[in-house]
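When the chains are written out, they are named A, B, C, D and E in that same order, and each has its own residue count from 1.
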């Protein structure tokens, strides 16, 4: 009993110190993110930041289902594409505000998620992965031939000359795009944070380990998977809507492909799966590195940049397979404060066990 | 401060269209050579005799490359980088119409001229952009040119009857546009489009497409394909021993090095359009055969180099007239572009932009690849240098 | 003659030390039992011997050869067989296939395999009955029998049992112990880890007591049975 | 009052009838032992009751309601909990989190669940391991974790499938104690064990299965004398 | 074509099952094999059919090197994401290296030994395709026999199911991994050489086959060797038939539709296991 009390006290002290770090760390990050476009006035960097945030949202979307949850999606491009198309088509055809398009995109994505999930959630994760991958190509084939959504030509959105929040367009001003994507990012991360701490969050992590055992403890596996699937699809769809409105152009070949999905996966895995900050950190490293490598030595037509990029990915895989956050966790002593903040508060184990 | 004028280009330099990007890159290097160094032997090619940009005291140009990997997102990103990081005065590119869409939109936002040297989708000039100039023709123009030529040849060839057309197109933006326009204009030239097949260019087998063509047996096969799939089709046609009465490509397939190497005689006798053909201009042979062959043994000079060189010339000409690289003045100067046909390597009547930014003097040359890939111009009449040979069946070869 | 010798071996799972400094030896033909409470490190020790778990320090010698840095499959070739904790059958293979794989090191000799399988069937008749059932659908005790059978397939020099009676019905438990004894009498060295301490000590020539990663006691079976500490901690007397 | 009643349960796997007209009933607060040879259908019966398997025919009445049609996750909230013979801990989750998955079922918030979980963990004497992840426990503690998890769902009836196997006599004693304590709190328990030292003293009544059929039932003392049971299961000792 | 799909997919299925990872660079191994075949043709005028053994050796070696240099490094980590990550990176590396070495030009073998077509009645069947199909089926049969009928095949499956237990049986699991890559290399090498007979080669051609393989593997059932064959054939046949019946532009849709329908009713794939 005595022992216990001491431990509890110890715990509270640790937590409160962790809290301090968390607050400080959080504040620093917040200030940095908020002031980014003012520190870096180069529009190219802002553009990179915007794309990074966009992929980070997608990475988080993937992370909910495939990092925390147990269904390894290889085709989140499906939802990304549906989000992009929903807003683009509604906006160009009916002048409906992309914000509404975003919501409709989320609805469409969610329904597709439910439909795809219905048969495949029952099976092992690999099946879901393969199914979503196959579905990506299916959608690609369908959209390539579907006249109403612009078939292979894609959807061109008009370039409006004046900024308007309602129309999701900002003439020549990256800052506003940045804040919007940041807002969406924060929103999605808050959502996932909430989820990870909720009953649902616990359940999906348990289901990831052992579905039968979870079921025997009263967890409705299908229902929970579907809910997570919906959340995940919606988030990916939001990233897609942003993509469409930012590029002002969508076409089937470039949204419904495995590169899109892989960007999500790689962001999340590089940062550290099943962590809140992971996808963002992964995207911050992954997306700009890819762009910078291409910017520096690309363009020769000799594919040096791609060779280097492939090489970098392999090195990361070999030396940091558990993700950046995993590395932090391994060196927890030095980073105890930081890692406290990164881990969920309830997990106090130092054992990283991120097997899927 | 800078001692060069930077020009940004965006091409698919890696990824599965890297080959094309490669060809454009060669064109860019050639363009730099033409502008920056004195090549009196290449006169009257514009800016060949002078070194650098005359109005800027011989300031040299420098081309900065961006790799789109043929994806719109990368294209957008590269445009952004070239403009804000590299400080280019204008962009040229971007081969794929989809990439051109997003890249030109970035340029438009920044008020930087975008010179389109290669993407041919008509949609691009219908967006009301002010900084978008297409030196290249668009598919509407090209398809009309092709059909005009087809009509003429069909009328001349009394041995056969040419009535029906079948359109075979890859299903990305370019192929679909071409197909739509073809269906639209065919009746005007007295042809009937009996069927259209579109297919994904990454397809691994085209047997069913070919079977369908055989079933419909059109007089004229009108095909818009990328290189790999075009080769696949030709091989499959050969296997199935099928020939139409006339085989037309909507672009310059037989000019492609791989195409010629791979298909050899099987690729002869096809009709295609190009915007490059050996003109009688004095500089053509020295550049395309002597200089180019020496520096790029792997490649053959074709319309891709031609159009990028011309685009660079157009841009430099505008800078030269404006006397500055200020984007607004540059735009102004570009709208007033008036370059004569003999000053450029492309066989256009010249370069003049209409209010949408389309070069109204762009046109195609319709060519037939004859024996040993001897290219015989069929149209326009002032360039005609040979007669059309009806497409022979496989047994006749 | 000493067949197996552990020289102060240490085994870690990342930061957790499962075995601190364990030294023990087994003579040729002996039946040695290792007892210890949960988490003492018994299974870890067996896994270390057959090369599945790596040592952080110390050495293992078998038959005059150092085996501590050998790959697991080599130790099997040297004649160490292992009935692992949790059975570890190949779930999507039939009982028959599982048994054949047990004789992997002698895979060329089909006649031998057939004979050996017959022996195992004789020992555990249920296995013959279920020869073509997939291992994952066996009941717990059936699976245990299959695992033992599989380990016998390669006629090993030494066989290590990790709690062979776990989940097996009482009359078969008796048979298993009888069998272990028989195996031992045939000259095969046996290393037995068992929670059924009384039975194990009855059977064993010698025994060790393992406690939180350390050997704390060693002696003949009867000696240990009389030890107060063993009585208290393991026999619950 | 009867809390669970199984009527004429049939369950077939291909040619094997794992449960063949099984009838059993458990009263509120009762502790019932279920024994039988390996493969006699005990685990299968648990799986039928908890809903992992759909029964071929028969009826399962729990507190007056037929539940045989409900999926497993709908049965647990009614108050049926079970452990798995082959343990299935959530490997990457800590002991606390493992138990919380159970306690979340009847809690409004994770916080409340955490509190309940801590209580149960202490009750089962696992506080020392509260931060261990499931993968890092030894088998016996994994089994105890299974009990903790099941208990956390606040069941009326707890089905323990060899939850005390793999313990030595002293540990078994301890385990028997807390199982009894659980029972004393009013939870009915069905107990599957092959260790008679556990089943007999604990159980109020015992059922014996063989080949999917109930061959004997009654007080522990009666059953252990039943020649049928001795023949099929206990063996002549 | 279907048979070739099946062959490529079987290799993928095997490796994925064995390593329990999703292998992103499988298609690129096909590309390597195709380039090998091309290189032999252009330097030694060796016909693609003749170069099959060399292609097998090369793709096997590349597979083994992949395993030794990369996968086995990554296998030690607790997370299987590292493995997928590395195969993805490797795919990029291979494709771009090939682009560097061979330039992005489309290549193809001219005048191969099997060329043209044979006519049966009104139908002309392409000889290279026919050869491809027969060759692929033979190669598949060989693999099948090996995996299902030899002790080594059994050991391979055992390793797939429980690697530690396999070690305890005295199976050299490291060798088994290499064996797995070898078989996969055999499939891929053969397929690549057969493809070279009629298909063009460029650095990114592998992607096409990679994508189809994923579909085939799922359709057939993850981890089922037999399933890959059937699914590969189905994909090939459906693709061709629907090309005739409802128009070539839509030919992929029925393929995917079949796939989705199978998924709905037999979510485990045609012959999948749990």
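Brief remarks on what is shown
Methods note: a contact is a pair of C-beta atoms (placed from the backbone, for glycine too) under 8 Å apart; a residue touches a chain by one contact, two chains touch by 3 or more.
Quick caveat, the model's predicted, so the values are computed rather than measured.
The chains that touch subunit B as well as subunit D are A.
In this assembly, the chain whose C-alpha centre lies farthest from subunit D is B.
Work out the mean CA point of subunit C and of subunit D, and you get 29 Å between them. Centre-to-centre separation of subunit A and subunit C, using mean CA positions: 48 Å.
Subunit A and subunit E, compared by their mean Cα positions, are separated by 31 Å. Separating the CA-averaged centres of subunit A and subunit B is a span of 40 Å.
Counting partner chains per residue, subunit E has residues 96, 99, 104, 203, 249, 252 touching two or more of them. In subunit A, the residues that touch at least two other chains are 141, 145, 301, 303, 305-306, 351, 353-355.
Within subunit D, residues 136 each touch two or more of the remaining chains.
Per the touch definition, subunit B reaches subunit E in the complex via residues 14-19, 21-22, 171, 197-200, 202, 204-209, 211-212, 227-228, 231-232, 235-236, 238-241, 257-259, 261-262, 264, 298.
Residues 72, 74, 118-120, 122-124, 126-127, 129-131, 133-135, 137-138, 141-142, 145, 258, 262, 265-266, 269-270, 273, 301-307, 309-314, 316-318, 321-323, 326, 352-356 of subunit A are the ones that touch subunit E when the two sit in their complex.
Listing the residues of subunit A that touch subunit B in their complex gives 42-44, 47-48, 51, 141, 144-145, 151-154, 156, 158-159, 171-172, 243, 247-249, 251, 253-254, 259, 291, 294-295, 298-301, 303, 305-306.
Contacts from subunit D toward subunit C in the complex involve residues 13, 36-40, 43, 85-86, 136-141, 162, 165-173, 194, 196, 233-235, 237. Residue ranges on subunit E touching subunit B, taken from their complex, read 1, 96, 99, 103-108, 110, 116-117, 124, 126-127, 129, 198-200, 202-205, 207-209, 212, 239-244, 247-249, 251-252.
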